[in-house]
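Chain lettering (A, B, C and D) follows the sequence in which the chains are written, and residue indices restart at 1 in each chain.
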Amino acid sequence: MIQCFCGMVHDAGRHGFRGALLATAEASSPPPASAGPVDGALIEDLVAANHILCDQGVVDGFGHVSARHDKNPNRYLLARSMAPALVSTDDIMEFDLDSTPVDQQGRRLYLERFIHGEIYKARPDVQAVVHSHSPAVIPYANTKVQLQPMNHISGFLGGGVPVFEIRDVGGPATNMLITNAMLGRALAATLGTRPVALMRGHGSVAAAHSVRHVVHRAVYTEVNARMQTDAMRLGEPVFLNEGEAAATTNTNDALVERPWNLWKRQLERR
Amino acid sequence: MIQCFCGMVHDAGRHGFRGALLATAEASSPPPASAGPVDGALIEDLVAANHILCDQGVVDGFGHVSARHDKNPNRYLLARSMAPALVSTDDIMEFDLDSTPVDQQGRRLYLERFIHGEIYKARPDVQAVVHSHSPAVIPYANTKVQLQPMNHISGFLGGGVPVFEIRDVGGPATNMLITNAMLGRALAATLGTRPVALMRGHGSVAAAHSVRHVVHRAVYTEVNARMQTDAMRLGEPVFLNEGEAAATTNTNDALVERPWNLWKRQLERR
Amino acid sequence: MIQCFCGMVHDAGRHGFRGALLATAEASSPPPASAGPVDGALIEDLVAANHILCDQGVVDGFGHVSARHDKNPNRYLLARSMAPALVSTDDIMEFDLDSTPVDQQGRRLYLERFIHGEIYKARPDVQAVVHSHSPAVIPYANTKVQLQPMNHISGFLGGGVPVFEIRDVGGPATNMLITNAMLGRALAATLGTRPVALMRGHGSVAAAHSVRHVVHRAVYTEVNARMQTDAMRLGEPVFLNEGEAAATTNTNDALVERPWNLWKRQLERR
Amino acid sequence: MIQCFCGMVHDAGRHGFRGALLATAEASSPPPASAGPVDGALIEDLVAANHILCDQGVVDGFGHVSARHDKNPNRYLLARSMAPALVSTDDIMEFDLDSTPVDQQGRRLYLERFIHGEIYKARPDVQAVVHSHSPAVIPYANTKVQLQPMNHISGFLGGGVPVFEIRDVGGPATNMLITNAMLGRALAATLGTRPVALMRGHGSVAAAHSVRHVVHRAVYTEVNARMQTDAMRLGEPVFLNEGEAAATTNTNDALVERPWNLWKRQLERR
């Protein structure tokens, strides 16, 4: 972890104002309006999530995490194009659900922001989304083996993890990226009502009802994949059944503060 | 390692007094009486054990370690519900063997504290218990492959490591957790006279005659599982036989200070 | 990361002058002339590359990275013989493409500098070369299994990664090293127009059009190898096809700044 | 790394004197005489070796490294019983080749010091010995698979790595440890003229003509084992043949300073 957490108060009012001003000057169709100031605690969690996901080995230079705006469900918050570990409050931008920035300020945007916008459109229950290339998970995206819950902590994987095949909608020679709304919609359709979907030749997405919950799911999807790969060397593992998966998810969703507090503290060791 | 070790003198007298006072005011049946002040060295070891188990990869945000009270075998000591690496002296609470706190102080408790209480009931020889989800061990809980001692350091695994199947006593759709005395008793019965038992779809428990010994067993159970999984890729390993396992356990139990001193010092690097 | 980045301004003029002077005094045939001062930003990137490659697990005490001279395509820059993580600006030396130093200054040279010189001769498009023994890659050099792109980030591996067998040109009992121009030429021939080639019983080389691109390729060749080895335990993976590999390489080559900025920042944590 | 390197000048004269004095007072047969002051650079290397072996994952709380005395080939230097990472100059003791301390000073001794003494007796060419339980190597001690050199850096493994089976000399129920001269001699006989031998259900030993060389061999035996285990998942690897192994050992023995300098510097990051 590289950045300290001081000075993270988010002046979203000023941000929104400046965005509207610049966008009017730069584009023919006006940019979407800002939903206004964001709750400071939400921004703080989103910045911490960027750092934690790197510290826990879920993202490296690539990958991103977003949160739905707390004042308007038709806006979401996502960093400008940069390595997550380096994101600070000032790098967080506001987008509408078509993934158009409220105020681009001449910044470079993540090519794959449509992952976030289209999942927020399709899933009113979702408040936060992670996209990563976490390394233990990708083997499950590229083979026929189903990722399944090895223990109660990963109960949210119960009932199956779908795999998105971009060849089905983008053809045989894409750059693999979700670079437009059509591909984002197709990925969201594969995700359906699940918390996690894998992306063949690419990585995965996780979705949840809060930033802390989505970080929990992204981290433990990776942890579970490592354990499952080890177990499958030994024999056919017994996984959690659907009843167990549902019951554990229920219990664990009330416990996400515990690892979150650890992960935040561990950021200080760097 | 996040916490410094300064100021860890435990004022158990004041703690016990305040506990009795608040409990009277809050509950209809009186809380169990405190066994009184705990030896400061025991508390210091228990706090260090919490930190070491995280630093050595045995616990993450989840998992816990307890010690039997040195003044009364019917009491044990366990942190309030929190990530082990963040535990400090003030977070250590006293419980009776039914896992009722002497003084809850409105704190959140580990849902699975019954693991500790019921093992202390069943095993008078046990002075300390670790529960973890250490990742290399879980594959042995979920498959038919027996965890066995790869070298002398893990001789305590000799004679077989039993696996607890919660479906046998809790039915097909539990949340996998040991959330009451009945489940705790069943787990303790599976453990029997062994130092380690695995828990299908969950993790493991280790038990020993001191905090330092139980940390040793928890760490080297994980180390042994990693080595065994690697060996089983290569062919059928020769494990320690029962005579070797018994002899090495005898020898190694006199040597636990050596790694303990290293692990304590390594906490300072964080 | 061990070295700070202060004081890295490269006084190549002085260096070149001293080199010519000493070489005249020491050797019968005059040393090659210096191409003159090197762009400071290039030297800074080359020193950072040395450190990043160690920090990211691509090199250890062994391995090296070079850059073609920005003023003269017939000269390249490479450290004197030492562990990459310890390289500072003053350790960077200038060589002609026969791998003769412009000014040896009595320093020990990498025995395998011919890897660099001969690839620069054969590949006018290449501006930087990495040679490493990165551990996840070597199994693909020693077995028949092809290293192939697991996801878009490693698209540059598409179309196949050739393996250099030194026995074919050096005979059955070499010391495995590329210690002369003939072996360097044979390795360059195996590399052909590819970005990466493996070396049986040894390691690999990566080549690219900038220092940042070659670091990207070296790091993600290792990351990809780890993921592929995990995937092949589970079943036959689907790899990127040639169209996907080409498209992703195109896209990713424009994004190398993102991980580079992270890796540079991560050097500070050490 | 925990200890700084300041103040490591070794006052072996005083040490030897005090040793003789105390031993006379304590034992019926007089202790062996000291060979006198040890070269300060040798002690410095031996202390650094203790720290490096832990930092590089070869030893943990257990394992040890010794050096033959530079003034008398019938004496060797080894720490008192403690975790290698915590060893400082004052912890280094002098032993004769029967592994009797010149001056015990009431200290606890490594139970397995006979590994060192008996190898020094059998191998006049050996100046330094490492004993470890490095985890990637043990699977090769417990299965029929031969550890073989994956690349030139581990060429010293060429020609086969013997495995010591303690049951052959100690019977079926030992504590696995080399706790006397008879077992030490049997281990030395298994080692023969090799640089490395494995010990079933235990670990390995490495021997070389200097402290830096033996550290190099211990580290790269572990690195090689990790790579071989990965390769054997993919197919049957091609290993270095005997000619290649001999040639690479020759070359690499002249290059051990390079990683040694890195490893020493990396100690400072802790």
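By our rule, contacts are C-beta pairs under 8 Å (C-beta built on N, C-alpha and C of every residue); 3 or more make two chains touch, one makes a residue touch a chain.
Just so it is clear, the model here is predicted, and its values are computed rather than measured.
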item	value
Superposing rotation of subunit B relative to subunit D, computed on C-alpha atoms, to nearest 5°	90
Label of the chain whose CA centroid is most distant from the centroid of subunit C	B
Averaged-CA centre spacing for the pair subunit C and subunit A, given as whole angstrom	34
Distance from the mean Cα position of subunit C to that of subunit B, given in whole angstrom	49
Contacts with 2+ other chains: residues of subunit A	233
Pairwise touch network: line, ring, star, complete, or other	ring
Chains touching one another, given as label pairs in label order	A-B, A-C, B-D, C-D
Residue ranges of subunit B in contact with subunit A within the complex	1-2, 54, 60-62, 81-83, 85-86, 111, 133, 135-136, 138-140, 142-145, 172-177, 200-203, 229, 232-233, 270
Subunit D to subunit C touching residues, read off their complex	149-153, 155, 223, 226-227, 230-231, 233-241, 243-244, 246-248, 250-251, 255, 258-263, 265-266, 268-269
